[in-house]
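One structure is given here, and the rest of the page talks about it.
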Amino acid sequence: MGNQSIAVFPGSFDPLTNGHVDIVERSLKIFDRLVVAVLHNPQKQHLFSVDERVELLKKEFKHYGKRTKVLSFSGLLVDFAKKVDARVIVRGLRAVSDYEYEMQMALMNRHLRQEMETVFLITNERNSYISSTMVKGVAMLGGSVHTLVPRAVEDALLKKLKRKK
Amino acid sequence: MGNQSIAVFPGSFDPLTNGHVDIVERSLKIFDRLVVAVLHNPQKQHLFSVDERVELLKKEFKHYGKRTKVLSFSGLLVDFAKKVDARVIVRGLRAVSDYEYEMQMALMNRHLRQEMETVFLITNERNSYISSTMVKGVAMLGGSVHTLVPRAVEDALLKKLKRKK
Amino acid sequence: MGNQSIAVFPGSFDPLTNGHVDIVERSLKIFDRLVVAVLHNPQKQHLFSVDERVELLKKEFKHYGKRTKVLSFSGLLVDFAKKVDARVIVRGLRAVSDYEYEMQMALMNRHLRQEMETVFLITNERNSYISSTMVKGVAMLGGSVHTLVPRAVEDALLKKLKRKK
Amino acid sequence: MGNQSIAVFPGSFDPLTNGHVDIVERSLKIFDRLVVAVLHNPQKQHLFSVDERVELLKKEFKHYGKRTKVLSFSGLLVDFAKKVDARVIVRGLRAVSDYEYEMQMALMNRHLRQEMETVFLITNERNSYISSTMVKGVAMLGGSVHTLVPRAVEDALLKKLKRKK
Amino acid sequence: MGNQSIAVFPGSFDPLTNGHVDIVERSLKIFDRLVVAVLHNPQKQHLFSVDERVELLKKEFKHYGKRTKVLSFSGLLVDFAKKVDARVIVRGLRAVSDYEYEMQMALMNRHLRQEMETVFLITNERNSYISSTMVKGVAMLGGSVHTLVPRAVEDALLKKLKRKK
Amino acid sequence: MGNQSIAVFPGSFDPLTNGHVDIVERSLKIFDRLVVAVLHNPQKQHLFSVDERVELLKKEFKHYGKRTKVLSFSGLLVDFAKKVDARVIVRGLRAVSDYEYEMQMALMNRHLRQEMETVFLITNERNSYISSTMVKGVAMLGGSVHTLVPRAVEDALLKKLKRKK
C-alpha cells in the first residue's frame, strides 16, 4: 500500500454534522491521512458558501494536525482524488436509500478511474437520523441543533439564520 | 495507524467464490495485510470441512505471499481480530438485504469491542448475483460454475459432489 | 395515559386522498381525539392554498364531530403537538422508502421533544399506490381520480385545474 | 375508544432484550394497558421454555402493576387479542427487512379480524442492532450481553448456557 | 417473436394461492402459452406432495385449455425451460426482499443460459400479503383461508390438516 | 394475445443510455413490436429537446426495422398505449428504490386502465449504475461517457455541452 494511505472524504458539508465528524474520526483509525473534500457546486443553492464551509471544517479538524486536510473541489471526484494522491473514497452509511445511491456512485467512480476504491463506514447509531438537510430544517424552524452539530457550527448556523431574517 | 494496517475478512467460504476473491484483491489495495478468517461453526452443516476450506483458500491466495494469511476461527470475531492484531473488519456488499444484516453485525461488533471498525467494499457488478449458496445450488443441479468460482474450487466442487452421489 | 388520548396527524394534504382518510379512520379507533395538522410551508408551491386545504379537510371529517380537529401549522411539529396537548404523532406507511424517511423524522422529533412518540399505521392495501403527488399528476393529465380521493376533493381538483387552464 | 385502551405486544422473547423493554415503555405512554403475549410455538426450538420466558417478563414488568399483563398464547394472534379485549397490536420496528414482513403480518391480521389494528413504534436508536438471536449468539460465544438485556435476563442466560455445557 | 410465445412460471405452489392464480391470468394476457412448473425438491419438506400439487393446479387451470400446461420439474430451471421451448421465465413480485432474491436468480439464470429472459409481473394489491407460507400458517392455527386460496385448495388444505392431526 | 404482441417502453431518454438499449433488445425477444415512447413534459427541463431525443432514438433503433417505432407522447401513458394498441408497458429495473416507485406506477396505470399490464425486465448487471442523470453529470464535469451511451449519443452530448459553454 505504499508508504502512506490517503483517503478522500467528499461531501457538501452544508453544514458539517456530528455524523460527518464521526466518519472523519473513524477514517483516521484506518487511513494515515484524510482529505476532506468540500464540493463546490455553483448550480446548487447552499446555506454556507464554499469558503465558509471550508473554514468551519478547518477549525473543527485542526487538532488532527497534518493528518487531515480540508480542500474544496469542483469537477469529477476521481480527478480530484488523483490530484491529492488518494486511491480511496470514504463514505458514511445510514439508511438503505443512501446505500443504493452510494453503490451506484461507487461503481461509476470505479468505472471512471479503475483503481479508485470506495469504502463505506457505519456511523454511530446515535447519528443515524442526522443529515445536513434535517439540521438546516430544524434550525430554520427555531429548534435546537445543539447535540446534532459541533459547537462552532451551531454558532455559525444561528448567526447565518439571524442575518437572513 | 501504527506501522502496518491489518484487516480481517471473515466468512464461511463454503465455497470461495469469485466475489470473495474480488473483495480480497480490493482489500489489499487498502490494507497492508489481510487475514482471511474461515468461520468454524460446528452447528452448521457445510459442504466442505473447515480444513478443506482453509486449504482451498491458502492455495488461491498463495501468490500474495505474506500479505494474506488464511486462518480458521470460532468464537467471537472481535476476539479473533484482537488476537491477529486487526482493528478493521472487511465485508463485501451486494444487496440491500445483505446490507441491513451487515450493518447490525457491524454495530454489534463495535459494541463488543469499541475500537473495532467495519469497512464495506462494493464487489464488482459482475459478481452481484454470486453467493456461495447459489454456487452450491447450481453445482448440485448439474449446472456449470466455471465463471463463478476459481478453477481449483470448481474442481473441488465437482469431486465433492461426485463423491457424495 | 391521562383522561384523553390525543394524537396529531401532520401532512401537506395537497390534496387529501383516500389513503389519508383511511389513516384518520384507523387513528380514531386507537386515540380519543385526532388533530389533523395541515403544514403551512410558504417555501413550497402547492396546488391548494393552506386555507383551501383546511376547508376541504374540515368538511370531510365533520361527521366525526369533536373527535377530530383540523388546524394548520408552521414551525416545528413537536411545538405544535405540545400546544394541542398531543404526545403522539400518527403517520401512515406505504413503501419502504417512505419508511426510512419516516423513521429518521420520528427519531428527530423524539430528539427535539423527548416524550414525543410516533406511531405508524398501515394503510389499506387498496391505497398502497395513492399519493397526493400521483393524484395531482393523474388529474392534470386528464385521468379520473374518482376512486382515489373523496368526492369533494375530486370536485375541487377539477375546478382548480380548469381555472388554471 | 371505550373506557380503556388495551394493546397486545406479541413476541417470542427468547430472551427479552432492552429493545423489547423500550417498546413496552413506549406503548404504556400510548395505551392504558398492555398485554405482553409470549408465543408458545412447540415446533420451534427455544433456549428458554415458555414458562421461563413468562416468568422473566413478569418480574421485569412487575413495577408497572396492573397496566401490564404477561401471558403466553398459541394459535392465531387475532383470536388471543380478542380474548384479552385488545383491538391493537404493537410491534417495534428496526430494519427495513423487519418492516416488510411486519407489514404483511399486519395486513394478514387485519384480514383475519377486520377491526384489528397494528401500530408500529420505533425503538431507541441505541437498540437498533439488538435482536434476541444476536443476543443468544453473543452469549453463546462468551461475549458480554450486559448492556443488551435486563440484568435478570443476563443472569438467566449465563445460568442457562452453563447448564447446557 | 416467432409463432408462439411460451413462458414458464416456476414455483413450489405448496399450496397454490390467489396470488399465483393472479399471476397466471396476467401471464396469459402477455404470452400465448404458459407452462406452470411445480418444483420437485426432495430435500425440502412440503405439505402437499409434488403429485398432489400438480393435480390441484391442473384442475384450477383446466378452463384455460391448451394455453396452460402444468408439469413438475427438478434440476436446473433453465434446462427445464429449454425442454419446453420457453425463453421467458415469469415471476410475481410483492415485497422488496422478494425482489432482491428474484433479481439475483434472474441474473444467475441468464448466466446459465444466455437467451433466458425473466419478466416480473406485479400481483394485484389485494394479494400483496399472501404467501404459501402464511396460508399454511393461518390454516394450521385454525384461521380461515377462504379468500386467500382457490376453493379446491381450501378443501384440500382442510382435509390434509385434519388427516395430520 | 391476438396476432401481434405490442409493448410500449416509456421514458425521458435524456439521453438514451446503454441501459435503455439493453432493455429494448430484451423486449424484442419477448414482444413482436415495441413502441419506444419519449415523454414530452413541458414542465421539466431537459438537456435534449423532445425532437432531438426522438431523432437520436430513431437512428439508434433503425436496424430493427418495423419492429420498433419511436414516438413522443404527452398526457397519460395508458391513453398513449391504447392509441398504439399496446396492452403491455415495459420497464427496466436496477435498484430497490426504482422498484418501489415503479410498482406504484404500475398499480396506478392498472387502476387507470384495467387491462394494462406492466412487465419488468432486469438490465444487464454491467448497466446497473448507469442512469441518464449520472451520464449527464459525468459528461458535464468532463468525464468520458464512452462506454455508458451509444456512440451517436456520446457525439450529441459533447456537441450539446460545448454549445452550452
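Going in written order, the chains are labelled A, B, C, D, E and F, and every chain counts its residues from 1.
The rule we apply is simple: contacts are C-beta pairs under 8 Å (C-beta built on N, C-alpha and C of every residue); 3 or more make two chains touch, one makes a residue touch a chain.
If you're wondering where the values come from, they're calculated on a predicted model, not measured in any experiment.
Trainee: On the document's contact criterion, could you list the chains that touch subunit C and likewise touch subunit E?
Mentor: Where subunit C and subunit E share a partner, that partner set is D, F.
Trainee: Quick check for the class: compute each chain's Cα centroid; which one is farthest from the centroid of subunit E?
Mentor: Centroid comparison gives A as the farthest chain from subunit E.
Trainee: Of the pairs A-D, C-E or B-D, which has an interface that repeats that of B-E (more than half of the contact pairs shared)?
Mentor: Repeat of the B-E interface: B-D.
Trainee: If you average the Cα atoms per chain, which one ends up farthest from subunit C?
Mentor: Max centre-to-centre separation from subunit C belongs to B.
Trainee: Any idea if subunit B and subunit D meet via the same residues, over half in common, or different ones?
Mentor: different
Trainee: In whole angstrom, how far does the Cα centroid of subunit E sit from the Cα centroid of subunit F?
Mentor: So the centre of subunit E lies 30 Å away from the centre of subunit F.
Trainee: Report the inter-chain centroid distance for subunit A and subunit F in whole angstrom, where each centroid is the mean of the CA atoms.
Mentor: Averaging C-alpha atoms per chain gives centres 34 Å apart.
Trainee: Counting only Cα atoms for the centres, state how far subunit B is from subunit C in Å.
Mentor: Roughly 48 Å separates the two chain centres.
Trainee: Got the subunit B residues that touch at least 2 other chains?
Mentor: Expected reply: 96-97, 100, 103, 107, 125, 128-129.
Trainee: Can you identify all of the chain pairs that touch?
Mentor: The set of touching chain pairs is A-B, A-C, A-D, A-F, B-D, B-E, B-F, C-D, C-E, C-F, D-E, E-F.
Trainee: Can you list the subunit F residues touching subunit A in their complex?
Mentor: Residues of subunit F touching subunit A: 94-97, 128-131, 134, 138, 141-144, 147-148.
Trainee: Which residues of subunit E touch subunit F in the complex?
Mentor: Within the complex, subunit E contacts subunit F at residues 1, 5, 26, 28-32, 87-88, 93, 96, 99-100, 103, 106-107, 110, 115, 117-122, 125.
Trainee: With touch defined as at the start, can you tell me which subunit B residues reach subunit D in the complex?
Mentor: 74-76, 78-79, 96-97, 100-101, 103-105, 107-108, 111-112
Trainee: What does subunit E use to touch subunit C in their complex?
Mentor: 96, 125-126, 128-129
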